[in-house]
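Below you'll find the structures, each written out as structure tokens.
In what follows, subunit A forms one complex with subunit B and a second complex with subunit C.
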Partner chain A sequence: MENLVYIALFAPFASSLFAALFGMSQREVFVGIVASMFIGTAFISSLLLAIHLYTTGDVINITMMDWIHAGDFNVSFGFVVDQVSVTMMTVVTLVSTVVHVYAIGYMDHDKSFNRFFSYLSAFVFSMMILVMSDNFLGLFIGWEGVGVCSWLLIGFWYHKADQTREENPSVSPSWAANEAFIVNRIADLGMLVGIFVLYWNTGTLKYDEVFAQLPYLNNGIIVTATIALFIGAMGKSAQFPFHTWLTDAMEGPTPVSALIHAATMVTAGVFLVIRANPLFHAAPEVSFFIASLGTFVAFYAASMALVERDLKRIIAYSTLSQLGYMFAAAGLGAYWIALFHLAAHAFFKALLFLGGGNVMHAMHDELDIFKMGGMKKEMRGTWIYMTLASVALAGLPPLAGFWSKDAIIETAFNEHTYFLWIMLVVTAGMTAFYSFRQVFMTFHGEDRHTPLGFHPHEMYKFVLIAMSPLAVLATITGWYMKEYEDFITELLPHYEMSEHTHHLASWLGLVVLFFAISGIVWAYLKYARIGRHAWKRDKEKEQGFFYKLLKNQYYVPKFYEEFITKPYAMVSAVFWEKVDLKIVDATVDNIAKAFYKSGDATRGMQTGNLSNYLNWMAVGGVLLLVIAAISAMFV
Partner chain B sequence: MDNILSVLVFFPAVAGLLGFVIDKESARAYGITVATIEFLLSLWLWFSFDMSDAGMQFVESIPLIPNIGISYYMGVDGISLFILIMTTLMTLIGMASMSVTKNIKNMIVTLLFLEMTMVGVFVALDAIIFYLFWELSLVPMLYIIGAWGGPLRVYASIKFFLYTFTGSLIMLVGMLFIAYTYYSVTGIWSFALTDWYMLVFPKSMQLWLFAAFFIGFAIKVPMFPFHTWIPYAHGQAPTIGSVILAAVLLKMGTYGFVRFSLPMFPDASVMAIAPIAVISIIMVIYTAMIAYAQKDMKQVIAYSSVSHMGIIMLGIFAMNAEGISGSVFQMLSHGIVSGALFMLVGVIYDRRHTKLLSEFGGLASVMPKYAVIFGIMLMAAVGLPLTMGFPGEFLVLLGFYKVSPIMTILAGTSIILGAVYMLRVMKKAFFGPVTNKENLKLKDLNSRETWSLIPLVAIVIWLGIYPKPVLEPIDNSVKAMLHFMDEKAITQEAKDIIKLSKSTKEAK
Partner chain C sequence: MIGLSHYLVVSAILFSIGLVGVLRRRNLLMLFFATEVMLNAVNIAFAAISHYYNDLTGQMFAFFVIAIAASEVAVGLGILIVLFKKFGSLNLDDLANMRG
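And then the complex of A and B:
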């Protein structure tokens, strides 16, 4: 079994190195195929490990080698395969395999095809380190590793020039990449502080050993550590106020958005909370904050998706919103439900994004849904996939999203946090509305693209086939919720609904369904019809206050630019030109000049005239006598 | 080979003297050969180094002027060993990558002399010998900047020389005072560091002496507000000068703190934690911001050096093995990484004769190999895990967290601000469309440049994944030093703050 662990971990690394060998040469299709096979191998190994764990219940621990050892600090490369990590490993490698195959088709015209696979596989490798490590610093390696891969992939089309925010809200791929990296770094500092707190109070960073010492730690330390770790999680999972980078990250190629910015990397923050659940469980105040923030982000992101026109940005907002749901569940103590939603979300959201990629491919990178409409004729397969994924996202039975999201909403009711419950229910309605607004605007209604000269075509067949596993999983995952619960609660705490909630469960479910279906129906009436009832652009409404507020993302990016980015550049320039050059350096030069000038001024004494020298000698002698007399007075 | 250290110190100098009679055409090959032999010798030193011994090894001691206690006294421990190896490595690589053709023979001879003085500083255990090498190292650098530098080279080299020289004079006064004290206590003159370690000074005297040494070292590091010579020195120096300056000469200052200030004045060092931490944090934040405002690529790296040196200073004053070992490791990491970055800037300067960021853009598509290596070094500079930049920076911050969480968070902004200015360079120079036509024809790295950078890339990754072979001997010596400081400290506060590791090995 140990070998399987190593294969699962290092196959993506081998894939990345292999593709890197051809990184600077012409597009070679076999690079994509070999890379996909490597990732597929990692998936099969992960699956075998999952089956092994399911049947025997043996957790595998491996210590590969020492890493950093100084003073009493000692951290090794150690890996653990338990219920939580094996879930993540399977999900990550499965989605990655699909995305690798998909990318062979999607990137077929890109001259940097080989380089793309190298980065993509490197990402998978980092993600595997992140989920498999048995200590916080190992997790941090993966954490930073996925950050770099995300930077490389968002900025993959680095040659594009910057545009103004009005032309393109994400400015340019390289700008968006830098934003993502820097925002994540801010949060990572929080994470590092969490690591420092844990190390100095427990003397170790291994999960088991840290959690074993929890009973001996005082509350202040646990609260500090959880806050700090959660700040890290907020960055990676793009929670408010670190959320702006995620929508800008849509500048990356669509397979990247599907894999990194929807299915896997952005869920790392949720994973961290689940992984450190004993710690977060011991800090109920922090956990409640997490749940509240999650609920807020769920609502906040959904509201911005309502008016967005960019296909990928709509899906990005929905990712943000679903991450909020996951945090809500984790914060309320339903860790396994959060993990279940994470997995279900990975499947249907990756499917949705890849479908969006097909549309984008067909429309030659046009993403404005106002310019689409009626495309289901040309792109039947994609239409089915995207509708399926949207149904799952909207939370209609029997698809995956229904089971996982309903459980989260029920948890909020069960914890008597009724306000959170209401927010989550309303958000579910909004989710259904914006998902179907996007589906209807793209595939139904009047054909708006042909007059604009677009002639969309369906994606390659092998790409559509490659997407099918996701479609199947987006459908059936929810049916195995009970089995999964039995499996995962070997490690994660059980979460039982109270008698009262249990009693009301079906009514609660109906409320959620009512909101979801109303959202869909409303979207249908507004956007899907043709002829007399067809959707028409209402420019007047677009000038409304709320519309503009939402369209401009509540002016948060603008705020960051005006109050952080610009002042930082200004202060930096002042520090350099006014302080460093004019004060610090000028002082040094002035001291030097003072010496030089005093020398220059007294040079006149050196006349070469003996009587002058005697005069000066007399002056000196008198001066010495005076000094001697004065010092004698004090002694 | 009992006198390996003497060989290491004087071989380059003797070879340098012979270099005068070498033909101009073969001067470069000759220099590289000598530097290679020197590097191999230093590797040999590492292999015969006893990893379990935390004390001084390969000690040589010959009385020079017995009347006043000056002796030829040398040795290495875990702390100096790797700085020494880095010195020989960076001299070799710097020389191999050098594109200078003007007066090449003089350059080679100067570099070999410089190598002697640098190795000498790190192995000297006698204060006078240390001081001699310390001051002598200024001369070749003065010449390198003054003779091969840019338009402001005379101003820059004189500023560099006078500034650091003034600092060291104050340090010399401190040294003479200690020797005198030693004489008045024991009745014999001695300048041997190991003898000086035995002196226990009263607190106030420790503070004065600490201050004297501080000025000498702080200017060299350079610490805020004594850092303004460095942008000029880097700005005017040829690539090779910047590489050596950043990689090795700055480390003399931080090494001085570890070798002199901490073990000799433990109480004063503990009292200096707060002020030094404040200065270090200013260095980290303030110079990182200045680096962000720069228009010249090389100045960004120059200011980033100061910012990184802030982290190193912070680690030295963490007073625990995590912080100090991390700090020494970070010295090595900064040496390799900033050396490589200066070489990379040199590559583009050789091609375009400008370093202004506004002249570039889109280089990644014209020079992909160059962009990849720059990217790797950039990631190491911002402390990405599994590169060499991470263990040091992490351990420093970890160590200092024990002393002050708030200050650690402030200094920790280095991981953010570092990314801010480095990514700006990456974006401006490498990303975006190629706007300047002149950049379209640029050639990617040639084989000389590639093969001098690849070893550095390999080291950066190797020591990021497996720092143990280097970190372990450093850590042993650091633990022993802390143990010694704890025993020697006279005040209770100092004893409380100096944190001993559970696994300390005694110095033999």
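And then the complex of A and C:
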């Protein structure tokens, strides 16, 4: 079993190194194939571990080696394979495998094909460290590793020039990459502080040992630690106010968006809350804040998706919104439901993104859904996948999204947080509307792309086949919710609905369903019809206050630019000119100049005339005598 | 009565004369003489102090200095002859060829 753990962990690493060997050479298809096989191996190992854990129930703890030994401070490279980490491992490696195969087709024409696979596999490796580590420091290493890989991959097309915000809200890939990295750094500081607080007060960083000491910690420390850790989680999972980077991260290649910015990395924040659940459970105020923030973000992101025209940004908003759902569940104490939604979401969202990638590929990187329409006849396979994924996202039975999302909404009702419940139900309706708006705009309705000179073509067959596991899982995951509950609650706390809620469960489900279906129907009436009822742009409405507010993302990016980025740049300019140039540089320069000048001044002594030297020697001797005399006086 | 201080004063005067010679003279041969004067000034001081303390070490040391001075003069004069043959002069100002 131990070997399987090592294979699951290091196969992606080997894959990354292998692809890196060819990083500078031109496109070699076998690099993609070998990388996919490595990741597939990691997936199979993870699956075997999951089966082992499911059948026998024994958690695997291994310590690879000692890492830091300094005084009382001991950290080892330890890994744990328990119910939570094995779920994450399986989800991560499965989606990664699909995305690797997909990328062989998607990145077909890219000259940096090999480099792409190297980064992608490095990401998988970091993610595996993140989920498998048995201590906070290992988690942090993985956390930073995925951050770096995310930066590399968002900025993969770094050669694209900057544009104005009006032309492209994300400016350019390199700009978006830097934004993501910097925002995450800020949040990671919080995470680091949380880890320090825990270490100072417990003297250890291992999850089990930290949690064992919880009863002896006072409440203030627990609250501080959870707040600090959650700030880290907010950055990685793009929760308000750190959310702006996620939509801009769509500048990266689509497989990256599917893998990193939808299915895996952005869920790391949720994973942290689930992993540290005893800690968060001990701080109910913080947990309630998490739930409220999650609900707010779910609604907030969904509202922005209502008017977005960019296909990938719509899906990115839906990711934000679903992350909000996960945090709502985790904050309300239903940790296993959050994890279940995480897994289900990973499947259907990756599928949705990859489908979006197919569309983008077919439309030669055009992402404006106003320029599409009626594409289902050209792209039947993609249409089926994206509809399926959208149904799952909208939360219709019997697909995965229905079960997990419904459970979250039911939790909100069960906790008597009715305001959160209403928000989540309304958001479910909005989710259905915007996801089907995007499907109908792209694949149904009037054909708007042919007049614009686009001739879309379906993606390669093998790519469509590679996507099928996700489609199957997006469909069936929800059916095994009961089994999964039994499996996961061996580690995570049970979450029981009260008798009252249980009684109303089917009615609650119907309410959600009603909202979802009406969202879809509305979207259909508005966008899917052709001929006389066909959708037309309403320029007048687009000038309206709410439309503009949503379109500009509530002016939050603008606000950040005006009140954070620009003042910061101004302050930096002042510091550069006044402090750096005039104080720091000047000090260093003047020391050097003093040596030059004294050298210049005394160079004249070097005459070559022995008599002058002797004179100077006598001067030196006299000086020494004088010094000796003076010091003798003071002794 | 001639005491230690008289000897030391003579020694100091001689040493100063030698030092001024080293500083002021331009001729290498004269520089040698000046250093010999300084060495002998020191020898006087050694001998006087040695006698004052009734300790022979100082006088022994004076002999060492004389021996070394003799060998130094032997080697030094050899070098001077070579220099004179090469430059035709022993004046330090003529020998200097660096432009500091």
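Note that the second predicted complex is superposed on the first by the 577 of 635 C-alpha atoms of A that agree within 3 Å, B and C clash if a C-alpha of one lies under 4 Å from a C-alpha of the other, contacts with A are read in each partner's own complex, and residues count from 1 in each chain.
Note that in this section contacts are C-beta pairs under 8 Å (C-beta built on N, C-alpha and C of every residue); 3 or more make two chains touch, one makes a residue touch a chain.
Just so we're clear, the structure is a prediction, and the values are computed from it rather than from any experiment.
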If we overlay the two complexes on their shared chain A, which of subunit B and subunit C does A:A592 touch? Say first, second, both or neither. first
By the touch definition at the top of the document, which applies to A:W67: first (subunit B), second (subunit C), both, or neither? first
Is A:N178 touching anything from subunit B or subunit C once the two structures are fitted on A? First, second, both or neither. first
Is A:A618 touching anything from subunit B or subunit C once the two structures are fitted on A? First, second, both or neither. second
With both complexes overlaid on chain A, does A:L452 touch subunit B (first), subunit C (second), both or neither? neither
Examine A:Q606 and indicate which partner it touches, taking first as subunit B and second as subunit C; both and neither are also allowed. second
Comparing subunit C with subunit B, which touches more residues belonging to subunit A? B
Show which residues of subunit A both subunit B and subunit C reach, each in its own complex. none
The subunit A residues in contact with subunit B across the complex are 24, 65-73, 137, 140-141, 144-145, 148, 155, 158-162, 172, 174-175, 178, 181-182, 185-186, 188-189, 192-193, 195-197, 199-200, 568-569, 571-573, 575-577, 580, 584-585, 587-588, 592
Help me check something: in the complex, which residues belonging to subunit A touch subunit C? 603-611, 614-615, 618
Touching residues of subunit C toward subunit A in the complex: what are they? 19, 22-23, 25-26, 28, 31, 92-93, 95-100
In the complex, subunit B residues that touch subunit A: 159, 162-163, 224-225, 227-229, 286, 289-290, 292-294, 320-322, 325-326, 329, 362, 364-365, 368-369, 379, 382, 384-386, 391, 394-395, 397-399, 401-402, 405, 408-409, 412-413, 415-416, 419-420, 423-424, 426-427, 430-434, 465-468, 471-472, 474-475, 478-479, 501-503
